[in-house]
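Order of writing sets the labels: A, B, C, D and E. Residues in every chain begin at 1.
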Amino acid sequence: MMLYLAKDKLDVFFEKASEKLNVYVPVDNTNGSAYRKWTPGTVVSKGLHTTKSAKDFFFPQTENLVEFKMSGKAIEIIDPRRETEDYAVFGVRACDVRSFGILDKVFLSDPVDTYYKNRREHGLILGLSCGRPAETCFCGTFGIDAAEPMADVDFTEADNGYYIKANTEKGEAFVASLGDIFEDRDAAPAEEAKAKTREVLKKLPLSNLTTDGFGGDKLDELFDAAGWADLSEACIGCGTCTFVCPTCQCYDIRDYDTGHGIKRFRCWDSCMFSDFTKMAHGNPRLTQKERFRQRFMHKLVYFPANNDGEYGCVGCGRCLASCPISMNIVKVMKKLAKEDSGK
Amino acid sequence: MENKTGMKEQILRMSGAAVQKCMRCGKCSGTCPSYDEMEYHPHEFVYMVEKGDVEKLLKSESVYKCLTCFACVERCPRGVEPAKVIEAVRLEAIREQGRNHLKPDQIPELLDEETPGQLLMMALRKYAK
Amino acid sequence: MQVNEQFTPTIVAFCCNWCSYAGADLSGTNRLQYPANVKIIRVPCSCRVNPMFILRAFQRGADGVIICGCHPGDCHYTTGNYYARRRTTLLFSMLDYLGIERNRTRVEWVSAAEGAKFAATMNDFVAQITELGPNRRLEDLRCRK
Amino acid sequence: MQEVMKKRAIELLSDGTVAKVIGWMPGEFSYDMTPAVFTTAEEIESNFVYNDFCGANVSKYVMREQKKASDAKILVFLKPCDTYSFNQLTAEHKIVRENVYVIGVGCDGMADVEKIKAAGIEGITGIESDGDKFIVKTVYGDETIARADALAERCAACKSKKLTVYDEIIGEDGEVVENSGRFDLVAKLEAMSADERFEFWRNELSRCIRCNACRNVCPACTCEQCVFDNPKSGIDQKAAADSFEENMFHIIRAFHVAGRCTDCGECSRVCPQHIPLHLLNRKFIKDINELYGDYQAGDDTESKHPLTSFTYDDAEPSVIHERGNE
Amino acid sequence: MQRIGVFVCHCGTNIAGTVDVKAVAEALGREPSVVTSVDYQYMCSESGQNLIKDAIRDYKLTGVVVCSCSPRMHENTFRKAAAAAGLNPYMVEIANIREQCSWIHKDVAEATEKAIILGRAAIAKVQLNAPLVAGESPVIKRALVIGGGIAGIQTALDIADAGFEVDIVEKQPTIGGKMTQLDKTFPTLDCAACILTPKMVECAQNELINIYSYSEVDAVSGFVGNFSVKIRKKARYVDETKCTGCGLCTEKCPQKKVPNEFNLGMDNRRAVYIPFAQAVPKVATIDADYCTMLKTGKCGVCSKVCTAGAINYKQTDEIVERQYGAIVVATGFNPIKVDKYDEYAYGQSKDVITSLEFERLTNAAGPTSGKLLRPSDGKHPHKIVFIQCVGSRCTPEKGKSYCSKICCMYTAKHAMLTREKYPDTEVYVFYIDVRTPGKNFDEFYRRATEEYGVHYIKGMVGKVSPKADGTLEVQASDLIMNEQLRIDADLVVLAAAIEPDKSARPLATMLTASMDTNDFFTEAHPKLRPVESPTAGIFLSGACQGPKDIPETVSQAGAAAAKVIGLLAKNKLTCNPCVAHSDELLCNGCSQCANVCPYGAITYIEKEFVMPDRSKKIRRVASVNPAVCQGCGACTVTCPSGAMDLHGFSNRQIMAEVDAICK
């Protein structure tokens, strides 16, 4: 038996949940979708992915760290942090759910990023299993099951409604707090839907993509691979891949002079940008080739080397859809693997 | 006074002519084929309209003497277009005196083989306003 | 429109050194009053005014920006204000297109002899901006006091 | 078309006319071609593709190749709209024309996979062109879509199918398109109230993630270092920390390319957030055409663009205040 | 970090009356980087300046802000004071708290607050000031005069008189210009040739003057003090050094049917010719368009008769490159073409002529040897009509929008001379206004009517109709009598508008000198710098700047010469340091800045750079010539990358002021 919510009661669910916390749901906009705070009347997107990933919730694109207020020669230091309100994010796919684990490894390991931790602790993830994966999906490559997001609470669409499963204590408490809006139903339709999804996943064009040839121990083989030059040839050095990526976590810290003080903020940075890693002496990454290599080496070699073999990619396919010149991690993996096997 | 300016504005609006551009060279009158027939001459039309002195012009037969040949418009070095001013005064005179009860759509039936082309042109200019 | 009685706008006036700045000086010499919230920045020529400066002023909390230069044809550098005229026309049109109140920006040609025109222009512009109210569409909230 | 192009590329490489060829290499799903530089006949034979999804404007790659130390002569295939960018880059001394062999490729408009996806077609594994329609293979079964419905937005309002620069032509040269309708959306926006326009642009620009794709892909953005990347400029910004900065970046970027923008539409094509950035550039183009006379950047390599020229009786800035729709 | 001193001036009560100067000094003293802030009665007084000088030494100031009157008043005073104390003068900024604050406000609190903000803006700016050093450039002590009419001749003579070398470039085979074609000159009725030819000879004889006749300027580069000019000496097929000007060839040449431009085509000359007897240089020129030898290779008569052996059919154009410190433009004027005014029948009747043609008809050296005869039948005209303002004072579509200035006077002259020589001739002058502002000008015009009985009629001629009997019916309106006149004239003379010579427009482009819509050269300031072009080192002489009569042209020519002498007398030029400069690492060589530079100060250089991948590459980058740049800043806004910036008014400085004001 599983908890079940009929589709026409989804709004009731959001309304009830909104009484306890802020609920964010994916909403369609021009040719894409993005998370918006749910208010009565909000129509939830039926799309597979939001254009940007859900990482903004914990690691926003910009955030103030500290402020300095100046009057004449006097300086006052202000901590802009406020207690975050509880919130839930609905419709998170399996790949994005996995990405939070990757971000946790970066931000919650010592030294703990308290800004991130604060947001993480107040956030509840409501996963949604995939029904119609896209050709760009390759989460399977990283051992992710698109049918089982494994979020705090998972929603599986079947039988004109959603089957609900809490995976964590936090999730269970949340489900319990909403009490009577769910009904108990036989879980069979949910399992059927998941099985159907898994069938589709097998048919996807990238289903045979593997991580063979990559991993923490492949530094020497891959760093000087011949393929990087050709692969990076067309790269225009924008940050699209990085900014739509659910796992990219590099940031820059900058000061903004407001005229009467300084606001010190951090913002996303991209290793694809020409001024990334630029230091007083210059930039150790001379050309786009080095910058391009950095991004993929990080995801496929350095990250697993430092994190028990876990790759820094979840196969969401956003970069495949967004790259202005259609260069992406799949093309990189295929080309390097081919080169490797040719040796 | 108000009426005076009002009438002037009316003439200027109807004619679209820029009387303030006139530099009093008199070339319009110098070139006018109907000069001797007219009490007020093209340059006077321009000058008097600019001064707002339209009443005299309205009462003068001169308005009907202009052939609308546009020689003055063609020759004016300043682009003043005196013929259009005269045309506008004439139209105003006709309107004011209420002499003309003809409707544009009545014209075709009044035409015959003998009607000179120039008359047709004048009629067109008149009723196109 | 609701007008806040207390609202005194901040106005930045870019004045070219040769005509408008001298015109502003002349209005001072003649003791012609205009509101104190107009602050003048001296530039060599109206063509020195970069769109960045105009946006910067709005970002930092200006409520109106006015650019004053020599009358077309009188530019000290012969052509500067002609370029300025095209640039400002296109930029202001773009701001309007983005829905930013078009009356927040203005270009006036003020000669060194037109002290009275300078004062009158500033009085008029301040009144116009006061009626428009504070700049909200093109300000940077971080800079608000 | 692809085979003729390959043949000519191989010929020109073999007879030493050129040392490099700029073209496209294939992707994973037959709609995701990547611009590529080829140096051998073998590479071209095995890896050169050209089809309805090669929409990227490759003129800027010529500049990039020429920036590299070598002066090797380059073969580039340019679509009509790319030729305008190519001319503009030549005019601004970004391309040495003598070192490029240009093959103009006739164009009837390029397809856009986003349009196919927007039509509800998911899980695309292959696309085949079949006359005036495409047959789209997907994991959920085959679908068809009319060519016209799959045409990129910018191609539907194509300004010109004329090749403005070439050494030879493959396919058919076309004509400048009269009444392309490319300003219709701008006019529609102009007709709105200021509040509506503000609402519209806030909604669009607020999605900007400052990935810089629009800037980096733009053939008119050829600065050594962008003012927004240069801490010495005083207006550098890495991310839009405030809505002002979203406006600032896009206004200044559009202003910097005003008069030079050829309206190739790459900015909107590459935007991951689907912001209609070309509507900013087109506003400038429309204003320029209306105020200073018709001007098309990249028509030739000689004329001074409208912001570096003037006439004594140009419109006063007050025309902005005098028109309707406050 | 700068060490800034702030000095607040009371200006008696001018500032202190409305601004609480103590409060201003105190508030500004609290600003970052400010190490001293004081107020004083009169900062511009000697003791006030000493206060600043002492503070610079005592506090080791790196920047100074003076809150006082307009920088247009005392910026230089304070800069000099700073320099005297060892501080770079460009580290001084002025906050204008008098003209733009105390004098326009009444409320003390309000004015004080504004003064503080203006002071803060100046402090913010001076924080970013950099020491500037004015550059110097050498001056080549030779001048070029383009155009050898009376304007060019007078300028050259005056410059040479001061001891400087001058070259004259004249496109005709002789110098002298339009004045050589005139008969008498108003208002004194001197013979034009009598007063002009001595000056032409003087030019030829002056060792410092070098005449390039039958030559044109091909290219100009460089800048004030250091121009390089390419002069094209057109092939005249006669060796100037050998020709003695005997004129034998011009008598023997068998090609007799060449329209004589000196007499405006009213008679003919030979294919080899000397324009007129007093030509300077007196050297023959072969007209390649008509010479049978040059066209067919058969003839060679001139060569056979030339005893000096000066004829050279193989001569080609020669390019001479010369350096100059200053260039004077004296390209003069031409009457406009009057064919387009159908109503005046110029193209229909030979007896409708222009005033310049009338000059030739009355000149003893003209086609009729000075006898006034109708061009059509050679008969003496008994009724002459002069029409004024032909093509002047019109809308741009109809002609020239300006008054050609000289027509009223020369028409009076023509009328008067006609009546004097031929008292049986009736003379009518149709005018709109008679404009005679000039010494003895109106008296001259009065004489024409009072003493000579010329009929002046106010009213423009509407139509001139050639009649079967050979007369011309002139139809006009007499605006005073209010009647229409029909005069049967024998001769009609049109006072055609004058326009700049056609060569002026391309020349202006070469010189980067600006022109107005009528193609007259623009002066640097219409009142205060009337003989200088806005482009440094380019000067204007004569009718190339606007319509002028001879006395005015000569006085302007002298003024231009004085300006040139003032320039050439200097050994070095000090440049304004507030000029544009290009950051070569940021510049991408797109050329937009050069397109907007009114002075041609920006050139492009090819320079080797190390690229990001450490390879070396030649890049094209902008380079500003600080001697030429005037510091307008047009380039800085055109440059999208900000590579181009302006010393003294940099992007950062102006934005710092904006920030301080909006704070």
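Note that contacts are C-beta pairs under 8 Å (C-beta built on N, C-alpha and C of every residue); 3 or more make two chains touch, one makes a residue touch a chain.
Here the structure is a predicted model, which is why all the values come from computation and not from measurement.
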Partner chains shared by chain C and chain E (touch criterion as defined above): A, D
Chain whose mean Cα position lies farthest from chain E: A
Selected pair, greater C-beta contact count between B-E and A-E: B-E
Farthest chain (mean CA position) relative to chain B: A
Mean-CA-position distance for chain C and chain B (Å): 47
Separation of chain A from chain D, taking each centre as the mean of its C-alpha atoms, in whole Å: 30
Mean-CA-position distance for chain E and chain D (Å): 46
Interface hub residues of chain E, defined as touching at least two other chains: 516, 596, 638, 651, 655, 659, 662-663
Contacts with two or more other chains, residues of chain B listed in rising order: none
Touching two or more other chains - residue numbers and ranges from chain A: 256, 259-260, 263, 274
All pairs of touching chains, each written as two labels joined by a dash: A-C, A-D, A-E, B-E, C-D, C-E, D-E
Complex interface listing, chain C residues touching chain E: 10, 12, 17, 21-22, 24-29, 31-34, 36-37, 39-45, 47-53, 56-57, 60-62, 73, 76-80, 83, 87, 119, 143
Footprint of chain D on chain A - complex, ascending: 29-32, 34, 48, 51-52, 61-62, 132-136, 200, 203-206, 230, 233-234, 236-240, 242-244, 252, 254, 256, 263, 265, 267-270, 273-275, 320, 322, 324-327, 330-331
Residues of chain C touching chain A in the complex: 60-61, 140, 142-143, 145
Touching residues on chain A, where the partner in the complex is chain C: 256, 258-260, 263
Partner chain B, residues of chain E touching it in the complex: 343, 389, 393-395, 397-399, 432, 458-463, 475-477, 479, 482, 484
